[in-house]
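To keep things simple, chains are lettered A, B and C as they appear, and every chain counts its residues starting from 1.
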Amino acid sequence: MNRRGALLRDGRAALLFLAPSALGFGLFYLVPFGMGVWYSFTDRTGSGSFAGLENYREVLASASFRQAAANSLLFTGIGVPLLIALSLLLALLLNRSLYLRQTLRTVYALPLVVPVASVALVWQIFFDWNGTLNAWRHALHLGRIDWLQSDGSLWVLLLMYLWKNIGYDVILFLAALQAIPASYYETARIEGAGKVRQLLHVTLVYVTPAMVFVVLISVVNSFKVFREAYLLEGDYPYGRIYMLQHYMNNLFLSLDVQKLSAAAVLMVGSIVLLASFLLRAERKFRDNLE
Amino acid sequence: MRKTQVLLAGSLLTISLAACSGGGDGGQTPASSAPATKGSAPSPSSSSAVTEPAIASPASDGESKTIVFQTYQYNEEFAAAIKNYEALHPNITIKLNSLAKGEEDLNGLGLEKFRQTTSTQLLAGQGPDLIDVDWLPTDRYAGKNILTDLGAAMASDPSFHKEDYFDNIIEPVGSEGEITSIPMSFFMQTLVGDQEAIEKSGVSFDDKSWNWDEFAEAGRQLVAKGGHEDAYVFKSPINLLYQMVQANLPALVDAERKEAHFDSDLFIGMLNGIRKMEEDKVVTFDISKLRDGDVFFQDLTIDSPEGYLTRMRDIQYPKKKLYYAPKADGQDPGGYFTTYDKLAINAHSKVQAEAWDFLKYLMSDPALTPVFGLPINRTVYEKQVDQLLEAGQYTVEEDGSGRGGTFPVTKADLQPLDDMLSGAAHPLDSLPGTIEQALFEETPAFFSGQKTAETVAKLIQNKATTYLNE
Amino acid sequence: MKRAREPLTKLIYTLLAVLPAAALALPIVLTLTNSLMTEREIGSNYDWLGKMGDVAKGQQDAFVNLKLLPDWLSFGQYAQLLLRAPVYLHQFWNSVGLSAPIVAGQTAVAALAAYAFAKLKFKGRDKLFLVYLMAMLMPFQVTLVPNYLIAGKLGLLNSWAAIIGPGIFGAFGVFMLRQFMAHIPAAYAEAARMDGAGHGVIFRRIVLPLAKPGLAALIVLLFADQWNMVEQPLIFLEDAFKQPLSVELSRINEQARGVGFAASVLYMIPMALLFLYAEAYLVQGIEQSGIKG
């Protein structure tokens, strides 16, 4: 009780620590965010007037929005768990003593820095109608597949996403693994825990806070794969990989900011729902520790 | 808890303040844009007691003003016209903003910048006053108070004489509602035929109303009668398909009901039909036949009176005649044209009147003979013709084929062109950009034999449906 | 620490890590080796990209030619890049000028804010945090217009400040560091507090050193993000000579694929160096940072 009281008196300190961030954040993010939300309730940009939920009704009635939302959900639903599982495994591996450990870690981080055009060009070389993959199929006397214009395009995009982001998540997990005090492992060992138990009860448990962040940032990054998809396939790709980002970008170019904002609010709302669920789980977890 | 509420309330306050000021920006031309939003434009005769300078007589009060003119590619003619205009109007400065600055935009970055930047500026209620909208999806701007209604501006400006312009190009048949952009130039698309061979064959057709099936049928008969190897030579199968789609647009795209019909027999029939026509020698895509071709028809793009004469001279028929390109069933008669450099005025511009005046100047400056295409101004065109007739001759440059030289020209030589221009009725670029792009990207796979017509049709259908339902 | 002493186990684990690394490296190796080919060789290899052989007219099937090794080494692309296209070099330094202040600024600002979110208790903390999160998630197409209006009001359009300002206050760093700081055991701070240390001291002496791996990760990831920015500079910076190289490298120029490869390689070098440097901190565990629990 005493400690809790002390912590509640942190208000003034919090103000000081938060002030620089809050000022800039308010100006550059919160105000634009608020304006975006406001747009979603108006009928016209600028001199628009309040239109209630009309934009939301229109967005939800749009078959293209529903398609984009379903595609994004599918993509994120497969991509994020896959990415996290793979990168956690790799981070655990890279956290051990290995030969060439430093080189390996650098290699994993490299995809982060390759400029988009270069990446897109390489993917094009592989997945084009005349690309390497089809050359191989041709050599095996199989027909060509127009990879990016088929239902397989989702997997191509997933591959691009994994390739680009695995290093990102590996770095985050590596940092998180370092943050676990060695004493925790020692305690576990003294209590007679084997390696598996140590992994389950120490490593995985203490990686959880970073996990909340990794999940959300991976979701955010799953939307960024749009840039590559856009370079390869333009504003209107094959139906399977027509994502929310395509929908929103097209609405933007159509100057339909009201519907665009409504779609964005719906999207952000869903992610925030996920986030608050994760954060609540995290808080529970923290309370259990203390 | 209270602190949060205060915090949130505070942020909401900033939000609404910002929203208001954002809105204010949009409407900061209150005098002109509040009552003038829809369909009023800079109503030049605006007698209403507006504080702004009278729109019909811009800048006469000597107050210096700046017009921002945004284009994708740099255009020397525009730059020259700006110089001339600024010399005539010393109080007006025109800033030409070309986002692909001079250089060729090889990787498309300039175009992306143009589209993104212009969209952002327009949405912010700011941005350029005059815009080259050739590369913008203006078909989706309708009803959003983005671009000024130039139709109203033309109607209410006493110094603007509609009859001086090709108003069949500015306002083509079937176009309804606002005119938000005016092309600076255009091209006519027609057919040239070997009149003698056609008449000798005895095959009859009515080119004023024929559709593509009738054209193909006539072509088949002509080829059967002999005289030429193929009936028609054309640039490429894709361009031919594009023309067919344009003609049949209402049957393929129903924007009202958000439906596309590219998976229909009609469209698949077009794809297969083109191949059939090629097999039947109704059409050939061997462009080496374009000049001396052993064909009954070839297509002709007319970009200027002189260009028309030169192209016609190039074609080695004993007697030549212009024919209309085929159309869809029930389509109004008339010829096809494509437009170029469509300009529009930002509805939120603070110098609408000045921008309109400059636009008028661009439309009528005889010194500003468009390099690309026929001028939108009929008097400028007539001046070009008069100059040609006055000289009584035109020169074809020697290109090594022995066809160069100087040739006489009479009024009769140009009469068919006159008729063609007056009969122009159907723009060849009314297809939404997205669908056009899908068409050009997906159909090569069919024409090169790599994919079936059905596969390609389905791909285009999906993209078109997505587009229409956004 | 003890378990990997056996060389065999170590070798097996190394191989396990090498296989995915090879797959990850392939596109990079391709970029690297292609940057050493002549434009002509690249042309002949990739000419068929996006084109269709006319099978209907009896043309042969054609494919691109994936080649990992150049016919002969050529540094022509690099010469072209460094000598004949100075704009690339200029834009490279623009990238540095834009990224460095953003990374430094955001790390500093975010560390402070993250401390408040992670280690201080005040009313509405979690709700405010959620607000940060929401604003961070808003797609840029939505915030673009408001940002444009704000930058215009502040007179920042066509200046680097329009990019750097929002960059510094991004919520990414706050979010990330909060997660890292939240789980620094409370006991450390408690001990210092007993000794009468204030929040400033606890932040500087205890939390920051302990958050070093997180800070290193943040710097690397932030730099990677900023180094590849495209949309904002494209719209906010009118002049090409103010733009970072990432904008130019965001699109494929089919006429000059080779120069693109070479530029990409040069562009990767600073990031690779930064990573090599940060890596030491990234893997520096709590036991090494001088404080024992």
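Heads up, the rule we're going with is that contacts are C-beta pairs under 8 Å (C-beta built on N, C-alpha and C of every residue); 3 or more make two chains touch, one makes a residue touch a chain.
Predicted model, so just to flag it, every value in this text is computed and none were measured.
Both chain A and chain B are touched by C.
When chain centres are defined as mean Cα coordinates, B lies farthest from chain A. A comparison of the B-C and A-C interfaces places the larger number of contacting C-beta pairs at A-C.
Separating the CA-averaged centres of chain B and chain C is a span of 43 Å.
Annotation: 15 Å between the Cα-based centres of chain A and chain C. Within chain A, residues 11, 30-33, 35, 39, 45, 117, 129, 251-252, 257 each touch two or more of the remaining chains. Annotation for chain C: residues 52-53, 122-123, 131, 144-146, 149-150, 250-253 touch two or more other chains. Multi-chain contact residues of chain B (touching two or more other chains) are listed as 3, 11, 18, 22, 25, 107, 116, 123, 445, 450. Interface of chain C with chain A (complex): residues 1, 3-5, 10-11, 13-14, 16-18, 20-21, 23-25, 27-28, 30-31, 46, 48-53, 61-64, 66, 109-110, 112-113, 115-116, 120-123, 125-126, 129-139, 141-147, 149-150, 165-166, 168-172, 174-176, 179-180, 182-186, 198-199, 203, 210-211, 213-214, 216-217, 220-221, 224, 227-228, 230, 245-246, 249-253, 257, 260-261, 263-264, 267-268, 271-272, 275-276, 279, 282-287, 292-293. The residues of chain C lying in touch with chain B in their complex are 52-57, 59, 122-124, 127-128, 131, 144-146, 148-150, 152-153, 231, 234-235, 238, 240, 247-248, 250-256. Note for the complex: chain A touches chain C at residues 4, 7-8, 10-11, 13-14, 17-18, 20-22, 24-25, 27-33, 35-36, 39, 45, 86, 90, 93-100, 102, 104-126, 128-132, 134-135, 138, 163, 166-168, 171-172, 174-176, 178-183, 195, 206, 209-210, 212-213, 216-217, 220, 223, 227, 231, 245, 248-249, 251-252, 257, 260-261, 264, 267-268, 271-272, 275-276, 279, 282-283, 286, 290. Of all residues in chain A, only 11, 26, 30-35, 37-39, 44-48, 62-65, 67, 117, 129, 144, 146, 149, 234-236, 238-239, 242, 247, 250-257 touch chain B in the complex they form. Listing the residues of chain B that touch chain A in their complex gives 3, 11-12, 14-16, 18-19, 22-23, 25-27, 33-34, 37, 107, 115-116, 119, 122-123, 125, 136-137, 140-141, 144-146, 258, 348, 434, 437-438, 441-442, 445, 450-451, 459, 462-463, 465-467, 469-470.
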